Amino acid sequence: MTRLWINGSAVELDDDAHVSDIVGRFTVSPRGTAVAVNGEVVPRSRWSDVSVKDGDRVEVLGAIGGG
Amino acid sequence: MTRLWINGSAVELDDDAHVSDIVGRFTVSPRGTAVAVNGEVVPRSRWSDVSVKDGDRVEVLGAIGGG
Amino acid sequence: MTRLWINGSAVELDDDAHVSDIVGRFTVSPRGTAVAVNGEVVPRSRWSDVSVKDGDRVEVLGAIGGG
Amino acid sequence: MTRLWINGSAVELDDDAHVSDIVGRFTVSPRGTAVAVNGEVVPRSRWSDVSVKDGDRVEVLGAIGGG
Amino acid sequence: MDDPLVIAGESFSSRLIMGTGGASSLDALERALVASGAEIATVALRRIDPDAPGSVLEVLDRVGCKLLPNTAGCFTAKDAVLTARAARDAFETDWIKLEVIGDEDTLLPDTAELLKAAEELVDDGFVVLAYTNDDPIAAMRLQDAGCAAVMPLGSPIGSGMGIRNPYNLAIIRERCSVPVVLDAGIGTASDAVLAMELGCDAVLLASAVTRAHDPAAMAEAMKRAVEAGRLARHAGRIPRRLYAEASTPFEGLPEL
Amino acid sequence: MDDPLVIAGESFSSRLIMGTGGASSLDALERALVASGAEIATVALRRIDPDAPGSVLEVLDRVGCKLLPNTAGCFTAKDAVLTARAARDAFETDWIKLEVIGDEDTLLPDTAELLKAAEELVDDGFVVLAYTNDDPIAAMRLQDAGCAAVMPLGSPIGSGMGIRNPYNLAIIRERCSVPVVLDAGIGTASDAVLAMELGCDAVLLASAVTRAHDPAAMAEAMKRAVEAGRLARHAGRIPRRLYAEASTPFEGLPEL
Amino acid sequence: MDDPLVIAGESFSSRLIMGTGGASSLDALERALVASGAEIATVALRRIDPDAPGSVLEVLDRVGCKLLPNTAGCFTAKDAVLTARAARDAFETDWIKLEVIGDEDTLLPDTAELLKAAEELVDDGFVVLAYTNDDPIAAMRLQDAGCAAVMPLGSPIGSGMGIRNPYNLAIIRERCSVPVVLDAGIGTASDAVLAMELGCDAVLLASAVTRAHDPAAMAEAMKRAVEAGRLARHAGRIPRRLYAEASTPFEGLPEL
Amino acid sequence: MDDPLVIAGESFSSRLIMGTGGASSLDALERALVASGAEIATVALRRIDPDAPGSVLEVLDRVGCKLLPNTAGCFTAKDAVLTARAARDAFETDWIKLEVIGDEDTLLPDTAELLKAAEELVDDGFVVLAYTNDDPIAAMRLQDAGCAAVMPLGSPIGSGMGIRNPYNLAIIRERCSVPVVLDAGIGTASDAVLAMELGCDAVLLASAVTRAHDPAAMAEAMKRAVEAGRLARHAGRIPRRLYAEASTPFEGLPEL
């Protein structure tokens, strides 16, 4: 099990989870969605390649009205 | 008895009452005081001469802060 | 000859001139035109009836842009 | 001879001139006067100690109304 | 939105009334009038000039504007009443923009004379639209005298100073039930919007358009300005605050 | 009049840019956007809420607005840069409305941090539209840093205070050659007109519309206001005078 | 500087005239009057109340103020004239602050009635100081009627709104040769300074002092404000510019 | 009222700080300084001119003003720091009015450079009074950097435009605990009163006095203006209302 933080909440995932798995828990649409892991943006093209590990701080962001 | 209006209130006075008698009920100081009977100012110099009669509307006015 | 004032200028007219004759000197269109003789408006309907006489002050007015 | 710049003008001084010599050319009063040599303030207490050399840029400043 | 201006029972879809003075040519005036979309335009009476090329009347007829004759230049109730009667005869309309001015330099109304003239003309069957200053008491007296509309100024005629005292206009709006038309002082589009936002029913202007560098462009600006102001008034603006009120929520802010 | 707004080489016929915060519902937002005629609209990034009903993105796609992501809520250059990068990935656009605020109560920009972030993002290929205060020096520094537009405020975000210092805006207009977009503080239509009359190239607003009593009506008001102000700026207004300038000539006044 | 205020041939060294309404007590009033340095103070007439503790008259006598009776509360010329006559008898002075109001909510003057009353009182030998609105035409008519001073408002009585239309006051100042006294609307010291800078000869105020949290302190503030404004008017202010004008010369700037 | 201005532990009874630039002669300056009652006055450093007649320093010593050297004319933190050090040596004071400007035409501060210079000078033991723009964020950053006072402008130096954005000053007043000195833009006495009413602790001005037609008279006006504004701020002004609030009661109105 991998223990990490997603959007500020503690979450447990299967070992070998990738960013794309996490995104999939929130939305099916990549458009309007961004991911940062430990303060670095992970580009959409690399979601399937990048795996997460214990203690990672993952932020999954989506569009809202604003500004 | 003379029945008249002083400052909007019905009042009965002895016959042959003069303006000066009415003023005396309110104040001892002529300065700052003015009298109008039936819509005409009665000058201070004539208060002792002018008598009032039934139905007269008498206004006895004094100084207040204002303006 | 009738000597009168039209729009502030001294003018001589044949005897028995009417308001309509004066208006005709200025314009063919009654619309937008008004006439006053000696400070009274002469309605359009009476231009042909009203004659002018010596010393009359006639004002013939037309539309201009304004306001 | 020492060739240097004082307040933007080329000046020749005797060898071994000190800051105090330069100030003396402008004013007798140290109060209200400041000196910078090559972009560093030379405090009044050191005017007699500091000598100038070829090519120095000396600024001798005084009080004016302002601000 | 069906939101007509109604004066004396007549309805208009445009809330911009055009004055016709100050134009460099009848042609420039016509283009400005068309661009403005105005349905009412003022006209004045002066000694007829037989040599004048063309006529403002033809322009107004072509554009299709209702005529609103004025009594500009009158200093007394007597002169204004007489001028109104001449205008009624010339233009076949009971409508009159009543002006009685007190002074040649300010062209400000003489409200005492104005009120006298208004009373006489109302009695005589006129539909009186009274050009007045921004004094709420004068506006109320004119309404009480039977004026079909009160037309307070924003600032002196042709001054381009806009609305010098919006508070007085707000009070006039609250106190009068007849149409309130902002008349005089408009300099640019924002002035016209402000007039409408303050609750005026219409705006009357001349110089701001006719004397602009590009009158037709300014006329179109004024058309949209009056529409914008009317819409904004009814849309219900947000309150004013000294501090900020976030438009993007802080909630959900990531820890990056 | 063909008079497009051009930012970073892209042309837009509307000069009204809509913020999308503060709406009571996506439906209300959509109606307001349509009424506004805006071609550009801002969008923010927050932690995704899987239960949120509908998406602002669908609305913006349906309306056909170009997305302008913002960095709202960032207090440092570092956070803003990171947010901008996330936004580029999420929305597939290099455009960014750069906000770096200095204080939660005023939401006023921290111009020192803003300038740092702008420099870094420009280097990184972003098209930076910088939300700044009304300080002409800050605007000039942002332009020098390569911002595609400077977006000075009129007053604090959501305050509805309008343009508190028109003089600073006039100076910014004179001193900057990049587009100047009035961003923040608009309360009602007259504020938007004034911004354009001062020479702004466009107006960005959110709360004034989304929090109005009738957002769609206010959006339409703002559309016309921005058009009116642009037209008026170019039409060349009349000068301001203390005294009057007659619009009806005195010449030819009859002696009645 | 010997620079007296002269009204109807009488000279005063103070240019602040105090109204006496609104004070929480006669004691508070007296302290405020002393602090104000005023040499003229208004007083009103009402039905005498035999139970009233103390008298405003004793206070004014003690402070040494010249009495300026008013006709507050009158809605018609007739009432105002009668009140003025009663005041003349009561206070043994021909001076009258003439008020004829048109409306209980705004307390704005009814200038037509005011003018009638002024004419009658001037004929009757009164020294009339007329409280009027800020309409230059009304002010000129009152001067022509023989008023000793015209006293335009800045804004409604007790509103604290200051001077809503400084342009009208500037015009009144240019057009009237009798003393112009700003009467009504002052809220704080800067309003009083502005009145004097616009060229007013004096300022009359009541609520701004009597209803302030600390009336005596505000009275002292107003005293200095009126002096400051008078001095500033005559000192000749610098012009306004959009750009800066260095106060420290650039000449002689070192190359550090 | 014992109400001293305290900056960096030093107390002053006058709240007017005088700039000394722009005077037509040292004599005129001296008379203005005396009339102003100022206890602090600024002074600048420039290349010494051996032919200059008299010295501003002698004037200031005679009048008894504490010297406040400035860094006028500096465009970078580096230059300003060096100038401050030269001034400390020349005038034997740690006090410095720190100016770092961004542009020769507006003389507006470059707040990023200003902040850098302030940090360095505070570290070096200076008592820094920072001339800044009216941005509340910049003022807060300067306070946090250890400035002894923040001195926001009302409008550009020498412009005489007064206080263009009173809202920003109100926010600075609420957000800063160090003394706030309004510096730059004052044109006339009412501007100075307004600054104090907004809560400023003092006013610094030069051109408004030195370039007035009669500098000594304007200096005296400013002295009283600053006192009036301070008193008024603390006296607690009445609220603003749209409608009137009678100062003479209607109660007891006779039926005449």
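Residue numbering begins at 1 within each chain, and the chains themselves are lettered A, B, C, D, E, F, G and H in the order written.
Here is the rule we go by: contacts are C-beta pairs under 8 Å (C-beta built on N, C-alpha and C of every residue); 3 or more make two chains touch, one makes a residue touch a chain.
None of these values were measured; they are calculated from a predicted model.
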Neighbouring chains common to chain F and chain G, by label: E, H
Distance in touch steps, counted as few as possible, from chain C out to chain E: 1
Distance between chain centroids, defined by C-alpha means - chain A, chain B (Å): 93
Rounded Å distance, chain C centre to chain G centre (Cα mean): 54
Where chain A and chain E are represented by their mean Cα positions, the distance between them in whole Å: 62
Centre-of-Cα separation between chain H and chain E, whole angstrom: 46
Set of chain E residues in contact with two or more other chains: 19, 21-22, 44-47, 49, 70, 72, 82, 86, 106, 108, 161, 167, 171, 206, 242-243, 247-249, 252, 254, 256
Contacts with 2+ other chains: residues of chain B: 7-8, 36, 39, 59, 61, 64-67
Which pairs of chains touch, using the document's own definition: A-E, A-F, B-G, B-H, C-E, C-F, D-G, D-H, E-F, E-G, E-H, F-G, F-H, G-H
Chain D residues within the chain G interface of the complex: 7-8, 36, 39, 57, 59, 61, 64-67
Chain F-facing residues of chain A, complex: 7-8, 25-27, 31-36, 39-41, 43-44, 59-67
Contacting residues of chain F [partner chain C, same complex]: 247-249, 252, 254-256
Touching residues (chain side chain G, partner chain H) in the complex: 1, 19, 21-22, 44-47, 49, 70, 72-73, 79, 82-83, 86, 104-108, 156-161, 187-190, 192-194, 197, 206-208, 210-215, 217-218, 220-225, 227-232, 234-254, 256
For the chain G and chain F complex, residues of the former touching the latter: 167, 170-171, 242-243
